[in-house]
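Same chain, two partners: chain A is paired with chain B first, then with chain C.
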Partner chain A sequence: MAEFKLKPEELGRINYQPPRKGWMDPHVDIRKGTYCYGAVPETLRYLDLPFPKKWQPNDADWQLPPNWKEIIFEGMRQRLNKFRSFKIFMDVCVRCGACADKCHYFIGSGDPKNMPVLRAELLRSVYRRDFTLAGKLMGKMIGARELNEEVLREWFYYFYQCTECRRCSVFCPYGIDTAEITMMGRELLNLLGLSIEWICTPLSNCFRTGNHLGIQPHGFKDSIEFAVDELAELTGIQVNVPINEKGHDILFVTPSADYFGSPHYFTLLGYFSLFHEIGLNYTMSSYASDGGNFGLFHSHEMMKRLNSKIYLEAERLGVKWILGGECGHMWRVLHQYMDTMNGPADFLQVPKSPMTGTVFENAASTKMVHITEFTADLIKHNKLKLDPSRNNHWRATFHDSCNPARAMGLIEEPRYVIRNVMNHFYEMPENTIKEQTFCCGSGSGLGTDENMEMRLRGGLPRANAVKHMKETKDVNLLLCICAIDKATLPPLLEYWVPGVEVAGVHELVGNALVMKGEKVRDTDLRGQPLQGKE
Partner chain B sequence: MISLWFSIIVVVILILIPTIGSSSAALQSLFGIVIPYAAIITFLAGFVYRVLNWAKSPVPFRITTTCGQQKSLPWIKNSKLEAPHNAWGVVRRMALEIFFFRSLFRNTKVELRDGPRLVYGSSKWLWAAGLAFHYSFLVIFIRHFKYFVEPIPGWVSLVQSLDAFFQIGLPVIFLTDAVILASVGYLFFRRLCDDKIRYISHAADYFPLLLILSIATTGILMRYFFKVDIVNVKQLGTGLLSFNPHLPQGIGPLFYVHLFLVCTLIAYFPFSKLMHLGGVFLSPTRNLANNNRMKRHQNVWNFPVKMHTYDEYEEEFHKVMKAADIPLDKE
Partner chain C sequence: MPNFEWNDLNISVDEDGFMDQPEDWNEQIALALASTESVDVLTDNHWKVVNYLREYYKEFGIAPMIRKLCKQTGFSLKEIYDMFPSGPAKGACKVAGLPKPTGCV
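Right after this comes the complex of A and B.
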């Protein structure tokens, strides 16, 4: 988080008073610090996406093709016919405003176009004019506007100021999901080659190498081996992590940040400790070396293209079922899209825990189990020897990641695990957790450095609740089950609540797990001394 | 603000048209018979068209918004209403949504204090007013059956007598008359006075509120102040419903204003946001079960995409994989 100048007190002075002039005349100021860089042409070319060009969002000339409006209208028509969600959400909003102050970007910026309802209206206004009779007849009076370049700029700016977190959708009386509208908006922009680097570069990486970081198979193996060595040093136990091996029961897929990012890395050590201790018969794959899927932030088509490798690899390796690591958006794709897009996974079996015999009926069709479901089941059946006091140096609270909370309902599983592996756990206020959880402010591909002001603004509600916990409960750790969180919460907290660290749930599992034959543990997986062993 | 004035002017014009028009006996059949039929036909055709049009678009993915605990391990309590995993759960979730406005009930209001410190307060007025408005509208709608059928069905009379429960005033005041004025009034002033809501409002948001307010007001005026000959009104109503329309004499202009505004509302309905009445049933974030991993959801337009297969991958990275001792399919 390099050169961010504004102090928290200044950034926290937010004006919620909308301007006097209405929003119907398009106007947008694409301001430094609040947008992400444009996609580089090579990545679009590699993925066969239309209109690659050298381009930045604040350029005066967006190099649009002459028939760009037709392209957009045709794109809208197709999507209206393919997605009932889109059509309904275009038609039924009553502008009650219930969603208005539910969006973290509105709360953090005060920009009225960041109210979910208005974000949607940016697109809806064009829909009304060109796709409804009333809009054709009544025009501006009922909120219909003509599509022009400035409108297109508004779309770009505000559809990349939505993290597709779906908090608004929880509060809307008709369940209008602005994330869905943002997804459509981004797909339309893609048709003109308007996307962002932080999405398209990972996409082309992942398409080629199997992971968003572009790590090639040998690099993947290196980093896994490095983690294995490190774990041996910390615990005295040599674990074995098979890669691309056939004949195992389970394929383990996790976001690539887990083996390259920090603090993700400690979570990875946690998984490996756990799998070793229970003797799990599994393999990882370099081809499916990322469960994360930035396709979700780009288009349904890219999502499907990237996601396909998971089932393909499970079939090739001949496993029985798939286990998935800690990640938010990855799990939205796995839970809500994978089976529909790339299933049916007939070649797999209904997941069954080899240790407890539990059959995961809830994954009977998809055949993929979330790691916290798996671990919670192990703990419930007393299969793990845990020493929660090894986490006594942490006083933690838990951040529900948007997608597990609002697209899966995965709420109690991580909490059950946490309560069993540590002694000091405290919940944040109820308006900020579970289905009402606040986004980290950097989801859906917006976690870039150049977008830092917007990220800090969007993360304010989350950070603020953490601050409250720090002040009242002396919390020093924010737990989460999401790779994007682990990457973006640390700079967020450093800015708004210095002194609170971020960790994955399985890092604490790894700390607490008493392993057979381990050496005397006087540090945690981070190498920090345990309480009483300083 | 132009949109507000525009709506007011339109409503005033809508009031003036029948006020002036209905004084001519010739035009009375237009206002009393032709327009009501036309409005009903527009409503039915428009409503059906809109719903069919929505239904025509498939639901490619199951994008439920979960607002509670999923069904996973048997010992973790599943929130059957907020994250239903089967059809029965969905029906109950939808019922809560439709009859009690469940989601609106969650509403909170955020406040920024110094620090910065964010505080979330409960904010139920919108929910209360919305619910009060919709239910009083429903009761008034039911009460009006008495103008269309003879004998009046028992349950209609029951609703009416419940509505007149307090037995105050002469004629007895209906609760819903007061409630609808208060709730629609609240919704209207909220739209005007809350800067954020005013900012997002179009004429299409003010207009229906003003229209309903005018309908309620003319109705109330007729009941309590300027009496209208009920027998005649009923003759007209039963005639219309039995497709044997007949226009009694001596119904005052106030009645025609009321009727004309109602017709406007009915005809306007399918082309406006009022269609949320139909849309709420079809919203995919609410009407689908959160059983994604249990049961496969079919996408009717699922299509093949360009994939990067393992074979292509191994071919590209064959050398480095071999060097790193990673198992290969083709040696």
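Right after this comes the complex of A and C.
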């Protein structure tokens, strides 16, 4: 954040007056602070993607191949044939405007092309002209536009100003999934080598080492061992975390940031405490060492390639089922795409909690269970001894991470866990949580620092609701269940609502969990003194 | 890729000023890169962080976990932010010549 100079009161002054020029004018000013760097050519080569080049979105020359229009049209034709959803979403919108003011980027920027209806129209107008009879005959009269380089720039600019959070889709009477339109837009841009560094570098890392950060197996082991040692210092208990071991019942997969970043790390300590205490028979893997799947932000093909490694590893290790950690978009991939891309995973068993006997029928095909479902079930069956007062120094509210909430309906499970592990929990206003949750503003690969102005704009509605909680309930902690949230909410809150920290739900589980044989606990997992022990 | 010039040094860097060739790093380059991070003087404490990052990078090919960096150098995260205003991943790693960490971080 060192370089961001605009003050909150300046950035918060948003002009909702539309510009004088009409929407069909494609010109965009690709301004520093509002775009992400272009993909590094080596990463595209590594992934066998076309047209690698040294390129930045604000370059005058985008180095397009001479037949670039043909490539785009052919790409559109193929996708219209392959994805019926894409064809329907191109045809069915009646421009009612229900989505218009639901997008966090529109709310935070006032730019009408960030109204989901208009963002989609950027693509739809080209579809209309070249793929519909009415458009061919009546052209501009019915909103058809010619594809040219300015339109291509406009696509790039606005399809990377959508976090694929799908809040707008909740309000669409036709159920148009605007994220899927953005996905199509990005797939078409990929055909010309136009993608971003923050997506393609993690992707190539993931192919090379099994995780987005590029951590090699010995580094993975080093980080896990460090966490185990620190947990022993904090709790007095030596836990064991198997890595790449065959013969266990469960494969545990979590975002790589959990064993790299802060505050993610404290959630990792929470998982390990829990697994030790219930005696879970599990292993982690240095190959399936990321639950996250930046392929979702790139293309269906890439999403499929990344998702498959989790299942290949589950098969190789011979586990019965998979437990997934606090990740956001991983759950959209798992819940909505995995089954038809790489599934069904018939070589695994329908997940059954070894502690409670609960069968997770909702995961009967994917064989993967969300950690908050798993923990909520343990609590419901009185399998955990919890002391919520150990979280008394926190007054928390809960940010529903977009994908678990909207893409898998995981609404009550995290709340059930939270209410059982702490005493001071307060909900944000109803229209900002659950299926109406506001995005962190940095999802879908946009959480990079050069894009900070758009991130802060996009995160404004979420931060505003947190500010309300700070002012009315003296909240000092924002809980979430997504690694991108844990990375991007801290700078967002530091900017708009200083004094509110960010944590994962299982960090608080770890604080409250009374472990057999533990030493007297004076601190939480962060090493901060508990209330009354300052 | 841009080039960064400082005194008589000329270093190939990425858009954010991270070195393209981390193996070419030396202490002179650290001083040069620090000047882009609002760090005017590299104190002993700065060097402690930078040297630890270098050692870890040599062994593991990546930066250490943030928590591990704090614990092994004895500095809190806040103290590291005070030393390197863009933080451990962006600021300290850049000065130490490490590649920029990417993903959910």
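Please note the rule applied: the second predicted complex is superposed on the first by the 534 of 534 C-alpha atoms of A that agree within 3 Å, B and C clash if a C-alpha of one lies under 4 Å from a C-alpha of the other, contacts with A are read in each partner's own complex, and residues count from 1 in each chain.
Keep this in mind: contacts are C-beta pairs under 8 Å (C-beta built on N, C-alpha and C of every residue); 3 or more make two chains touch, one makes a residue touch a chain.
These numbers were taken from a predicted model, which means no experiment stands behind them.
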- Once the structures are superposed on A, label A:V241 by its partner contacts, choosing first (chain B), second (chain C), both or neither. neither
- Touch check for A:C439: first (chain B), second (chain C), both, or neither? neither
- Message: Output check: A:E230 vs chain B and chain C. Expected answer is one of first, second, both, neither. What do you get?
- Response: second
- Task: Considering only the touch criterion stated at the top, classify A:V505 as touching first (chain B), second (chain C), both, or neither.
- Result: neither
- Task: Identify which of chain B and chain C touches the larger number of residues of chain A.
- Result: B
- Should A:P429 be classified as contacting the first partner (chain B), the second (chain C), both, or neither? first
- Query: After lining up the shared chain so the two structures overlap, which partner does A:A314 touch, if you call chain B first and chain C second: first, second, both or neither?
  - Reply: neither
- Query: Touch check for A:V333: first (chain B), second (chain C), both, or neither?
  - Reply: neither
- Regarding the shared-chain residue A:H218, is it in contact with chain B (first), chain C (second), both, or neither? both
- Message: Identify the residues of chain A that lie in both the chain B contact region and the chain C contact region.
- Response: 216, 218, 222
- If you look only at chain A, which of its residues touch chain C in the complex? 1-3, 37, 40, 54, 56, 197-198, 201-202, 205, 211-216, 218-219, 222-223, 226-227, 230, 255-257, 259-262, 264-265, 290, 292, 294, 327, 447-450, 482-484, 486-487
- Query: Hey, which residues of chain B end up touching chain A in the complex?
  - Reply: 3, 6, 50, 53-73, 75-77, 79, 82-83, 85, 97, 101, 103-104, 106-110, 112, 115-118, 120, 126, 130, 194-197, 199-205, 271-273, 275-276, 279-280, 282-286, 290-299, 301-302, 305-310, 313-314, 316-317, 320-321, 323-327, 329
- Item | Complex contact set, residues of chain A against chain B | 8-9, 12-14, 16-18, 22-23, 48, 80-89, 91-98, 100-102, 107, 112, 115, 117-118, 121, 132-134, 138, 141-143, 166, 169-177, 180, 207-210, 216-218, 221-222, 243-246, 286-287, 300-301, 304-305, 308-309, 312-313, 316, 334-337, 339-341, 343-344, 358, 360-366, 368, 373, 376-377, 380, 405-413, 416, 429, 431-432, 434-436, 460-461, 464-465, 468
- Item | Residues of chain C that touch chain A when the two form their complex | 1, 14-16, 37-38, 59-62, 64-68, 71, 77, 85-86, 89-91, 101-105
